[in-house]
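Once you scroll down, you'll see the structures, which are given as structure tokens.
Both of the next two complexes hold chain A, though its partner changes from chain B to chain C.
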Partner chain A sequence: MKKQILEFLKTILIFSFGKFKKFTLHFKKTKTMKDMMIVYYSEAKSARLTGKKVAWITSGGPVEPLIAMGIIPIYPENYGAMIGASKMGGGLCEKAEAMGYSSDLCSYARADIACATINGGPLQGLPKPDMLVCCNNICGTVLKWYEVQARYFNVPLFILDTPICHTEYTPEIARYVRSQFDEYFAFLESACKRKFNYDRLNEVLLRSFRTQVLWQEILDTATNKPSPMTAFDAFFHMALIVTLRGTSEVIDYYTALLATMKDRVTRGIGAVPNEKYRLLWDNIPIWHRMKWLSQKFASHNACLVADTYTSAWCGTLKYVSGDNPIYSLAEVYTRIYLNIGVDEMAKMIIAMIDKYDVDGLVLHSNRSCKPYSFGQLDIQRIVEQERGIPCLMIEADMADERSFSESQISTRIDAFMEIIKERKETSKK
Partner chain B sequence: MDEITEIINITADPYAYCRKYKEETGKKIVGYTCSYTPEEIIYAAGALPFRLFGTNEGIRLADANLQSYCCSLVRGILEEGLSGRLDFLDGVVFPHTCDSFQRLSDIWRINVIHQFHIDLVLPVKLNTASARQYMIDVLEKFKKDLEHALSVKITDAMLSDTIKTYNQIRALMRKLYAIRAQRLKIISSRDFHNIIKAAMIMDRGLLLKSLSEIIRQMENAESDKIKSGAKRIVLAGSVCSHPDIYDIIENAGGVVVWDDLCTGSRYFDGVLDEKVPPLAAIAQRYLDRPICPAKHAGLTDRGENIVRMVRESKADGVVFLLLKFCDPHAFDYPYIKEMLDKENIPCMLLDMEEQLPAEGQLQTRFETFVQIL
Partner chain C sequence: MITAGIDIGSITAKAAIFEDGKLLAAKVIFTGYNAELAGQKVYDDVLSEAGIDKNAIAKIVSTGYGRNSVKFADKSYTEIMCHAAGAHFLNPHIRSIIDIGGQDSKAILLDDKGKVKNFVMNDKCAAGTGRFLEVMARALEVNLDDFGAMSIKSKQPSKISSLCTVFAESEVISLIAKGEQRQDIIAGIHESIAARVSSMVGRVGIKEPVMITGGVARNIGVVHALEKKLGMKIEVSPYAQVNGAIGAAFLAASL
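Our next item is the complex of A and B:
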């Protein structure tokens, strides 16, 4: 009983703090990521108090219907990144391994599964879900992971099954995914016990697509030389496009960010002080070595100007139909970067190489992400053939810091940068 | 038995069998990667469905396309594709299952170009009405793709005939398992394993004849109905490409009486309804059949199925064969173990790398397990 009262008091405290933060945010001209995240998580953590529902959702999943229904979306993968960045991944993964989960499984999944059973991790754990929404457009792992959590929390699980488009988006796939969106809306109606608000969804979708346009514009500022931002900045600022696209606060945030980047471009300020070489990053960041990697590349005057990861959240804008945004949802969510064939991924990488005018490609071969990593060796070969730029493959894990070999990777980056420098010198002559 | 000798010859060198088969019959051969392949449609098209088992030895080429953390099954299949040893294939079908097989299809398409290549992007969910409809839709598309690739027309009558053949084969396979579960000594584990393997290789018409004869002889045999005292074991996992395991388990005092394997009961479980349209029947079997963990048919579906399997086959315990880097099975293991624990069914986990642990070591592990049963 005493414990429950304490829990309750803690929730009230979190709630009040969040409210206060939100109130003060109104008067702030520039909102920081930290402020926005504090408001977001304190609202989520005090959802029980406000009667709001919490849904856990996969990073590639359609969040807009949740926002339209006033459900607070929570992203275990975003949390996984936080766990990785705070170097808690190793410890949590170890705990999952003690629970019987193989150490070869995705580190986000392992860390999250372990974290759910303890009172710990960043932010003292995630708010408990009322429902789970799993979209398998990013991998098959999320399906298994969400099954584990649905059994653990004993809450309803909705699976949005988006068949992979190896070479085409077929009419069969389109019909199947479209009908599942109707099932998704019905699922949310029954979870919230009220009618689904389609007008609201349309509004949220328009805001979401607008946010994606803004996000693409921000990423595009990196086409300038020097680039006003690095992929490491994008990894930081992406949190909002992942979690809260569709809300007006996020539009404000990215509008301000875009203005900052444009201003830096006008004034010729580069993110890397003496940008000489431009690189492209492939795969999920190595969260536990962000600072180290960013300094490492900067020490070679190299700027990671773009990446295939953060651009995935605006890569399907081309499939949006202005007249009927709800109808576009199926295609927008099915044809995302990871849910296509390796050859098409290679084509997109080549387009990015040209667009951002990069001198080399860095591929993170991520033990935790098979659909992102298998095929990279072919992509590397295709890039080398078609564009003749040097490629470096680093084997690591996005959130499990235990097996990272810093000295070895450091040496390889040095050697890679040497090749790039030589190439650039020769091409100048 | 002549039939068994023939089967052993086929499984000893499946590629030689295929080459000879092609030469003699002029038929096409279509490779496939898992038990979600609608073989019935391939066979109805007049082609031979041939399961790709891959190789565990001498991987040289696949390492240039797949990182170290890919399972040996996918790597082994790619190795065979890249080596040219599968040049007798006219095409390959890749049904969608796990992330690794998903990428194997892409890598194959990019690197092994001399054959036709069909992706069969099945639903992952198998328990909703829209998934059922999509399953039928993709089977229809697969039929068209295959007609195009093989330049044939597949009629409903052809499909119905094939469905009858497959129903008979699968019924006989289940019978083979059942007889063996009753009378263990009636067939050696190695012969048994070879029959299962041959069922995914040889001409299905001939298979049906051989199986009928083998089972007729088994039923008539006087052999020991006496209990052997061996502990009864269910094998669970993806594929078992190490037939030695059956022998090692027997030497340790156990015997495999049933399995939940892709190259086992999942391959022949389920009956095709002969009264509904053929593609609907094929779809329905996939929806009803015990699932691969890369699919979803409920939160505890697989666990319940394994418990039921143990009860029905009167097994004493379960051995999980966990192929290293196989994500879907690794995710399911903890909850299924918990379910088995609750039911007081002992189980053991055997992590499988490309090579098995030394036989002596393995036998000791099985002996220890058998002793607690």
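Our next item is the complex of A and C:
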């Protein structure tokens, strides 16, 4: 019986993931990714049968303690991306709005809240949670979103509060967040009714940090000209660093992906056939328009070589202490990209502009994501002053396709590329 | 060399003919439902008006929202590029352009060679566009062409606080119900457009001299409201509405 259910689930999942084929641009490895995601979701969906626990966790939340405790982490935000890519965001958001949620709320939150109440959505919905883990290092919306879900599913909720580090990580912040990690471990002990395994956590953390190093190396192959990958590829391959970092399969996957990228570099293969212009992307992808955007930029021989989003999952490696990884957890999770001041963000973007040698910056002003979009006008001004490269602002939404105006965005991209082309030609003369 | 520029906007289609740096003719028609047909028609019209044979045209550049529906064009550029080229042709000293068209408004910053340095466009919203004025003209039962002349008579412009066309329309209707003067309401509408556009202009970092282009430039009330709001003089070209087509014809000469 158990086997039959698993097979059935697999069929549904294989069908659902079939839709993602359009992003599997040119990597042999992506089939493995699809398989891994199918296994991951099958296991989570059958957790009740196998006696495992499921925790829903925010995208920037500390997942390693869950993996160390054998709890299956599920990411509503990753699911939100799937909803967006399957163009189900608009419908689900409408449903949430009919339930009384404002259209100004995050589309991931709206889609997830609506999806929980119906028997539908990609993969026929997420597996029900046994507990919720919410870390506000990415935004404030998650607090209310997770409270809503904790009430709906009637499960315990753990909140990890990470104060914004406008300029620095103070001793007070360090003490405050570290003490919460102890509470987090105690929360997991009581949810699983067994002792927390610190040795296991150390192992998981070392693997997690190793995965992050690998991920950074993969992203760094884009410093080559032509770049072997685009940000759209990174948006696809990031699923594993978000959901399963800390597991050995992910290390194998990224090791192979890195080898593929290095091979492409050696053979001079570019992701965009005739790469002439290199761009940097800021903010969460517009999931429902990945193909359109990637073709649009490629038609201008422009390659989005890097982005601030996928690099956020390895941006805090500098705070990792090899001797005492558990001790570094608080700092690693507090100082992430979305939890720092706008000046700090601008510094990081300028460093990326130099590192990847880009000709322009594309900023997605994401109606859903306030902390990501809030400082963009200042960032744009700082970048224009410091590096003098053209910047383009696109107003859209990561998952709600109703907030996308194709002809306006098309004109903006065309005009932006006209400026870049003209500048590059003038500078050559 | 004779060249043509065709600008297909959301409300009107424009065409211009150029010969060796001189504007020979320009034409404006309504775009209507079929952008491709409008492109063909405005081109035929401008040619017959100028008395020029199709075969004499060396190059054609299309622009505007319908730029890709002009199949007979040799190349297409965005209206941002074409408005810059057009304004630079009309007055080489221009450093900023405020373009208010049917469905969008833009602020374009130029360098000293007339090249686009930066631009900002309005978001997915009709407020601050020609479409907004059309909606208001209908609500007020006034011919849109009379808006400018009527508004400058106003001594006390009404306050329109809404940022949204739909809400602004109901606000206007309630002002009518309150018995406010038409000219005051119209002046208020112009001020609300000026407020909307000036925040966009602020983002791009405006530099004088400034030129206004696009169909809305024909409305003197909007121009005055903008001048007041920005505290600077705005140049209005008699060719404001066909500026994009002029720029396109100008760029066609260097293809």
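Details
Here, the second predicted complex is superposed on the first by the 398 of 429 C-alpha atoms of A that agree within 3 Å, B and C clash if a C-alpha of one lies under 4 Å from a C-alpha of the other, contacts with A are read in each partner's own complex, and residues count from 1 in each chain.
We adopt the following convention: contacts are C-beta pairs under 8 Å (C-beta built on N, C-alpha and C of every residue); 3 or more make two chains touch, one makes a residue touch a chain.
As the structure is a computational prediction, the values presented were derived from the model and not from experiment.
Measured by the number of chain A residues touched, the leading partner among chain B and chain C is B. In the superposed pair of complexes, A:Arg194 makes contact with neither chain B nor chain C.
Within the superposed three-chain model, A:Lys424 lies out of touch with both chain B and chain C [touch as defined at top]. Contact with chain B, but none with chain C, is seen for A:Ile159 once the two complexes are overlaid on the shared chain.
In the superposed pair of complexes, A:Leu377 makes contact with chain B and with chain C alike. Residue contacts after overlaying the shared chain place A:Glu395 against chain B and chain C alike.
In the superposition on chain A, A:Lys291 contacts neither chain B nor chain C. Using the contact criterion defined above for the overlaid structures, shared-chain residue A:Arg412 touches chain C, although it does not reach chain B.
The residues of chain A shared by its contacts with chain B and with chain C are 377, 395. For chain A in complex with chain C, the touching residues are 377, 384, 390-391, 393, 395, 403, 405, 407-408, 411-412, 414-415, 418-419, 422, 426. Chain B contributes residues 64-70, 96-100, 102-107, 109-111, 119, 121-125, 128, 130-131, 133-134, 137-138, 141, 293-294, 296, 299-300, 322, 324-325, 327-328, 330-335, 337 to its touches with chain A in the complex. Residue ranges of chain C in contact with chain A, taken from their complex: 65, 77-81, 104, 115-121, 123-124, 203. Residues 99-102, 104-106, 109, 136, 139-141, 143-145, 147-148, 150-151, 157, 159, 161, 163-167, 170, 172-173, 175-176, 179-180, 183, 341-343, 365, 367, 370-371, 373-378, 395 of chain A touch chain B in their complex.
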